[in-house]
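The following pair of complexes shares a single chain, chain A, combined with chain B in the former and chain C in the latter.
On to the complex of A and B.
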């Protein structure tokens, strides 16, 4: 894309993109570490994930501040406006993903205080799928790639499916033996957190499509009868 | 003009005005050249009635030339050649039989620099009706007051109507020029950079006025200020090197332009 006449403006937009990428990298790392702490029964690692949430919160504020100042001072239009609107929204999703990674770490600490209920099979698969959705959604954002973003949208149902499957399995453990209930519930929670992470990745991918094409693909039912654009 | 068909409009219809809007001005393959130099290259568009339409584009893109075609101000320039058609309320304005003075009464104009006559405020506004032969003093008085009210100037000048117009502030002078244009009851109001010499408050007043006036008039404004087009217009056309690159409703143009050249211009990527 052609550069802006104002080099300073160009640099600010670039800085915003970098801030979001850094934040995205941070939360991806948090998901990975939270899962590692669960699988390796490593509460110290889980505590480090919980502590790193402050960095994510600070990065969210920083990015929002830059977006507001760009809106106020540059009066962006067209693709720049859509880029900044997207940045404002996806930062919230990324921050929530960070919170969910913290929640996984908290459950991991609790689970590690008791003997394992069962070997983890579906949970790591869900984590890989959800984390890959976050990574690809961010790649699509950086590369302005609506095709990749659409691929991310298509991955969400696989994660939902795993969540349903895992819930069913854990239910049998709970019915079998009431002493399993606490641990089984905690694992169910983790599955739910991963499913929510995939939902946030979906939101990011939807915003990337909006950023690239100016087309809002969210809530098709609510948009019935409206104009094609926006 | 007798389009009463309810069938969906073909995709090739001229850009800008949705089928639901009634067009006030229809421009068809308009070309204009100054000597050998083409300034407008086949512009076709429909401008909606009772809406504000803005033309934006870099210097020399033809936006002022296009505006000036709408009340034949270009007739005054030597060596101008114009082809194509312009219809205002269904009437071709290019024909030799057109009374240009009458056309300019129907299509009023406000310029970049306010240009009040060195006369009283009252006489500035009364000028048009008097020229048009209105003799009744009370009729002129009524017209002066209603025009000044329409231009949102009445409350500021009602006590000093006989003072010189040149003593008004820049923003007031510009609104006086709008009142003067309104006094002859035009149908279309053309504005060529009406706020470029005004401070932000005076600019906001003119923009507010445009919004009020469009209920009765069709307004076409040329502006260098993209934010002004974004704030004040319903439709925006982007011109570049004499061509109409993109013309659509203003929110769509400023959020999702389709043409790369529009995108580059409104985001400040000048080639």
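On to the complex of A and C.
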């Protein structure tokens, strides 16, 4: 590789990182706005979240194109190859996080059409935790930092616990009073979406650790003698 | 590329296709067994589904390793590059379909501990439809067949409709009788898992069309002037 092409290559890798951080920032913003639309009973904001899904979709395409172009034209070596392969997988997770923020916004619009069931306490906590996991997982990715990625893995159980706790509470509402069922179900769904956002962040963090260490924390049990090291 | 390496390369590509079809067959079998455990009230079968998740995880790793090795050592040209990049994305969807089959098996064990709420009619239909979508999406992938992939896209709305229909029915059960709530919720979750399996199959089919045609059906609106053609 000439010095000139090598500089280009570094610039393209840098551009890939920036695209992914930008996409991550976009979906974090969507989660925050979907949550705000729920708490402030603001259906207009929810509709803006739904509309902004287009930008996420465009960014995913854009990032995939850059990855393919890097793979085809630059023939990257081992560690960059892993980085680009991981980028291909990560943007799919980010796009689906965007879809989940849209789903939250949809339920927020529906909930806004009825009187509030109860004050939201755990849901905003779950949203903050899940969103922070997404941001940290992506930081770990661009910095190739397995220590930060492992921290993200440690946060997942807090979100799961909040979800279980909220589910039990909403179940009580549903059993006590049939008129609560529809609203309680919609809130249950929002909690489920947030749990899935945290799961996507966990998946990203696991892929980052695999990328950095070649060891698979996605499926530790599956590894014994199964897949040869690359 | 010498004739010798070229033959090796073809063999490796063939091995990748076979690995992915095998993984697909495995997750289809898990969906079928999870469903059988629900219908026949067979918790042992459900536990076997849960245990078999390890094999799916190992197969995902194995396929990822082969993709990275093909990218690193074979420097594949445009159309094979797309094929391998798509394989990297697809196995993630397959692994998550395996997780969803595990979730169905978990709910099946819980439902088996209580008397049946109602005969299952729509759930097995959804399972058959979703599982067939997975199989056809993977066939479309290995054959690089966008026509078959488009057929898969057409099947998604049938699964969504069954889910909506079942959700309304279960809502009635919950509102009529508080004792039904827990069981009806678990069945709702199973329907949701099946809908998500169909969504994963849809994602796979969309990626196959993109792979074959370079056009993105994932996000048609997002494409206008956004991402340059690769």
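As a working rule, the second predicted complex is superposed on the first by the 220 of 230 C-alpha atoms of A that agree within 3 Å, B and C clash if a C-alpha of one lies under 4 Å from a C-alpha of the other, contacts with A are read in each partner's own complex, and residues count from 1 in each chain.
We take it that a contact is a pair of C-beta atoms (placed from the backbone, for glycine too) under 8 Å apart; a residue touches a chain by one contact, two chains touch by 3 or more.
Here the structure is a predicted model, which is why all the values come from computation and not from measurement.
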For this session: Give one of first, second, both or neither to describe whether A:122 is in contact with chain B, with chain C, with both, or with none.
Result: neither
Just to be sure I read the superposition right, which of the two partners does A:82 touch: chain B = first, chain C = second, or both, or neither? both
Once the shared chain is lined up, is A:29 touching chain B (first), chain C (second), both, or neither of them? neither
Quick one: is A:160 in contact with chain B, with chain C, with both, or with neither? Answer first, second, both or neither.
neither
Exercise for review: Please indicate which partner A:6 is in contact with in the superposed arrangement: first for chain B, second for chain C, both, or neither.
Suggested key: first
Chain A contact check, chain B vs chain C, more residues touched by chain C
Considering only the touch criterion stated at the top, classify A:145 as touching first (chain B), second (chain C), both, or neither. neither
Chain A residues where the chain B and chain C footprints coincide 75, 77-78, 81-82, 230
Within their complex, chain A touches chain B through residues 1-6, 9, 75-82, 214-215, 229-230
Counting only contacts in the complex, chain B reaches chain A at residues 226-227, 230, 251-252, 254-257, 262-264, 266-271
Listed in rising order, chain C residues that touch chain A in their complex are 54-55, 57-58, 60-62, 64-65, 67-69, 71-72, 75, 77-78, 81-82, 85, 88-89, 92, 171, 174-176, 178, 181-182, 185, 188, 203, 216, 218-219, 221-223, 226-230
